[in-house]
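The following pair of complexes shares a single chain, chain A, combined with chain B in the former and chain C in the latter.
Let's turn to the complex of A and B:
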């Protein structure tokens, strides 16, 4: 039997204040965690070597398969797709990783939960530091591509407004996808370590990052077309490379405006999905006592 | 009046459903909490006393909005824990003992400042309170130490400060001295008592399985076992219930064939607990009146058992617990023991 209560709701302005506070402090915390795990020199070396090592794997594979045709437009297409895919691992997985980090590693998730914190805003804040370190990795990878592999990226020819708009929309969509993953991580106490990596790995194949969607089996392609990352990567390539970006035929029939519209629409859709999934997972996690459940894996 | 209640529960219950990892269809239900009715007025330091697994932490999780009840309802600061968690959270805080939580990469001050920010405390005020509370709990010299460099006990002290830092209307302390050494536990208890004295409108719900802690700190105590509240009153009132009985602690030589059951068979012996100790045994007796004692001595003599030392004592909370639960708190935690309580 539920006893009726007075239903004294918190005002909207207080909710926004709490959300902004949660986001701001989580951003600070995320940066402290990202930047303080080792001394500054090691941090700088790691931040440079990690993206270069990842890019090197792709470059070597491409070189072997194509007999070093690095001037072919496809190379720039693949290289940029791979470089900007760093954001997927950084932002999407970074946002969801906050749940695992707080629950398993620092054992603070229950204290965060008990505090007047807006949890989705907090998770997004934790992703900001990963976005910043991810941006550094993208910049390093692009610079290496231009200097050593002659990727045709000329600042004077870049469509900066399109690039910045695409970047904001794309990173926003990734953060919202991260919220969905974070909510699921909250609900799934076991095997959660696999979720972020599995999704990021699957999307690498499904979003046209390194090969066109036409290569995929017909039944898998619709998944690729449903992902905002697919349209985001295309827009990023077009803004940076111009016509050379049309090396892959998948989205060649779409104008930039159409792609922006689709990306915006999918972002809104993911925002709605994230809100619903969070409400659902939050309720189930409280029903099942999962918020502070640690596995010691 | 409900308006004066900090915490109110009605028929509160929680059942955990455990699924078999391999056979997902096989489920097992564990009753963690059953029909708990509590009314805790504002300004009270209320204790929940019970062994591990009694349901204390489950109750705290429900009241702090971390866990949903399966039956009944609960209100904290007047708000429903299921439907109005966002109204409850700014008014409460929580500290759990026996765990090393905290962001190891941050200093003690940074950790505390961060949590103060989550509650909207201005930085200047937060820093003032951090310094004051760290001084009072004896951790001021570690303010700039990284949390990862603190011992478990010092981390626990930091977490106690985190709980009090936001000056919550209602504070939940779940075994706050668990794992602390004697001195640190004493510091924390003194700190809690001083804070309550200085903030008479604040409410603390404290769970513990230390009898002395509940007796020393709490205005009222609920004894909880296997998810049920068995009694709820002031510690003195609980003890007074047993004052009509005579309580004796007797040190004896080796008990030979003597059993607690043989003593309990005597008229007037309400309870006998026989515990092996080095070089002999200890016999804890509850007699209806002093005149029963000669009969007990006669049985001891018949079993060639000699009395080394005999003490008559006032009832303690431990006696109340044994009277209600049927065994000592220590035995409840190990699931057995030497005693043969009735």
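Let's turn to the complex of A and C:
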């Protein structure tokens, strides 16, 4: 007879294996869905155009008002914040849109639910494709900034370990926020736009992505300090710009280690929130028969 | 058999001609309006999140010391954003989505005009989205203390209606195109957000993009509509305007007629393809 502790150990191991398998297959599936609708050239143009246009809006706004003073540190702050913010929309949309896509477009969510698939791992896997295309878009946006707008980025001056660590932690936090949205998507109707992008558009305001949080009214600032994105973008700016990033006042009082600690803590918090919200929405969706609903208003 | 039974077996009165056309318009507009109000989450995502997104651009302008009229420009752009999203996702890609979910075949088989269905979608979307646009406009104006000139309200109303007519005409036209393109269409709709926000000058006067870029961008009715509305609403509007308002009004009239005629022609073409090749119901996944 198997000891209870050994049984639990094997169960956990099997669950992790199932989660990994779900994640891996969903990653492959997500990539196929995202990329195989056209030829590679058009796909590359598609992946570039959207983020470049988004950056160009800010460049034009800034250029019109400041008479094109692109060498000012504020411009680098805005440009880098906006460039890396691409990940926010990409990862959150990638993870959360899978629910609507599977439920109402491919109508496969009900089959996925009855298959031996770990649903959260599956959704996270579906987000990987957008993370990859998002990475491409970030790279293109940064290159355009360095080449045409003289954003002060020099590979030799970049703090690569801090950059990579921040990137991994930040993207992880975004994936967990995407998971929260995916769970909520189980309960709501098909929106005519992408919920992930809508939420990313809203968090644009609160995360200090394109302006220091000091510009916000005092009552809104605490919300900004609750967002992991705020600390993540600060770390990314510090790792890429070095001392120039310290000119921005918002988080100047925090060391890199403190920022990493806060980002990790908030990521753990979002993991807990994601787990609770998933349990809740999943149960409600099952109870109310929403797993295979279609909403075509 | 009693009276109830008689009425059950009595033939259903049928309508045709313009009555059927109008009934179809109303029937398709109804779920769109009701659906938009029924889904509480939509109201949250549409209005509250839109206000937050608009606010981000307002604070960018404040951070770099822009004149206050630019804050108003952003609020107007933000209020018109739901119309563009509605045209993209609920007009242009709607028939494609209906095909994927199995409704398109029913639309085509039903003895009504597809043009009436598109028109119903457009009118329903326009009305439902107007409520959101008004909410964003009111909230944005109150939050950021936007000052409007008490200018020509009639001209403003004309510009707004012409903009929506041309915009939804574009949506009706592209619904057929998107349907023919299949899966690519969905991605094209997704692509047509930020690039159009840029080209149409949602957050800055389109004049800043240069004359010829603005001319090309004027193919999107929101470019001329936004520019004309800003000229009528803000003291700095005339100085930052792209073309004189009467020229922009004439442009909107031309675009409206062009898109509605093109929508009618493309629908006929699409229906011919449906009969000849049977491509409309294929699922290219």
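To be clear about the criterion, the second predicted complex is superposed on the first by the 278 of 297 C-alpha atoms of A that agree within 3 Å, B and C clash if a C-alpha of one lies under 4 Å from a C-alpha of the other, contacts with A are read in each partner's own complex, and residues count from 1 in each chain.
What we mean here is this: a residue touches a chain if its C-beta (ideal position, glycine included) is under 8 Å from a C-beta of that chain, and two chains touch if they have at least 3 such contacts.
No experiment lies behind these values; they were computed from the predicted model shown.
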So in the superposed three-chain picture, is A:90 touching just chain B, just chain C, both, or none of them (first/second/both/neither)?
neither
Taking the superposition as given, does A:53 touch the first partner, chain B, the second, chain C, both, or neither?
second
Could you say whether A:215 touches chain B, chain C, both of them, or neither, answering first, second, both or neither?
second
For A:241, decide between first (touching chain B), second (touching chain C), both and neither.
neither
Does chain B (first) or chain C (second) touch A:251, or do both, or does neither?
neither
Quick one: classify A:292 as touching chain B (first), chain C (second), both or neither.
first
Touched partner set for A:106, first chain B, second chain C, both or neither:
both
Just chain B (first), just chain C (second), both, or neither: which does A:115 touch?
first
Report for A:74: first if it touches chain B alone, second if chain C alone, otherwise both or neither.
second
Of chain B and chain C, the chain that contacts the larger number of chain A residues:
C
Can you pull the chain A residues that chain B and chain C both touch?
37, 106-107
So, in the complex, the side of chain A touching chain B is made of residues 1-3, 5-10, 15, 17-18, 21-22, 24-25, 28-29, 32-33, 36-37, 106-108, 110-117, 283, 286-287, 289, 291-292
Touching chain A in the complex, chain C uses residues 31-32, 34-36, 39, 41-42, 45, 48-50, 52-53, 55-57, 59-66, 70, 85-86, 89-90, 97-98, 100-101, 103, 183-184, 187, 190-191, 193-195, 197-198, 202-205, 208-209, 285
Can you list the residues on chain A that touch chain C in the complex?
37-38, 46, 49-51, 53-54, 56-58, 60-66, 74, 78, 104-107, 184, 187-189, 191-195, 197-199, 201-206, 209-212, 215-216, 294-297
Using the touch definition up top, name the residues of chain B that touch chain A in the complex.
10-11, 16, 61, 64-68, 72-73, 75, 78-80, 82-84, 86-87, 89-90, 92-94, 96, 99-106, 110, 114-115, 117-120, 162
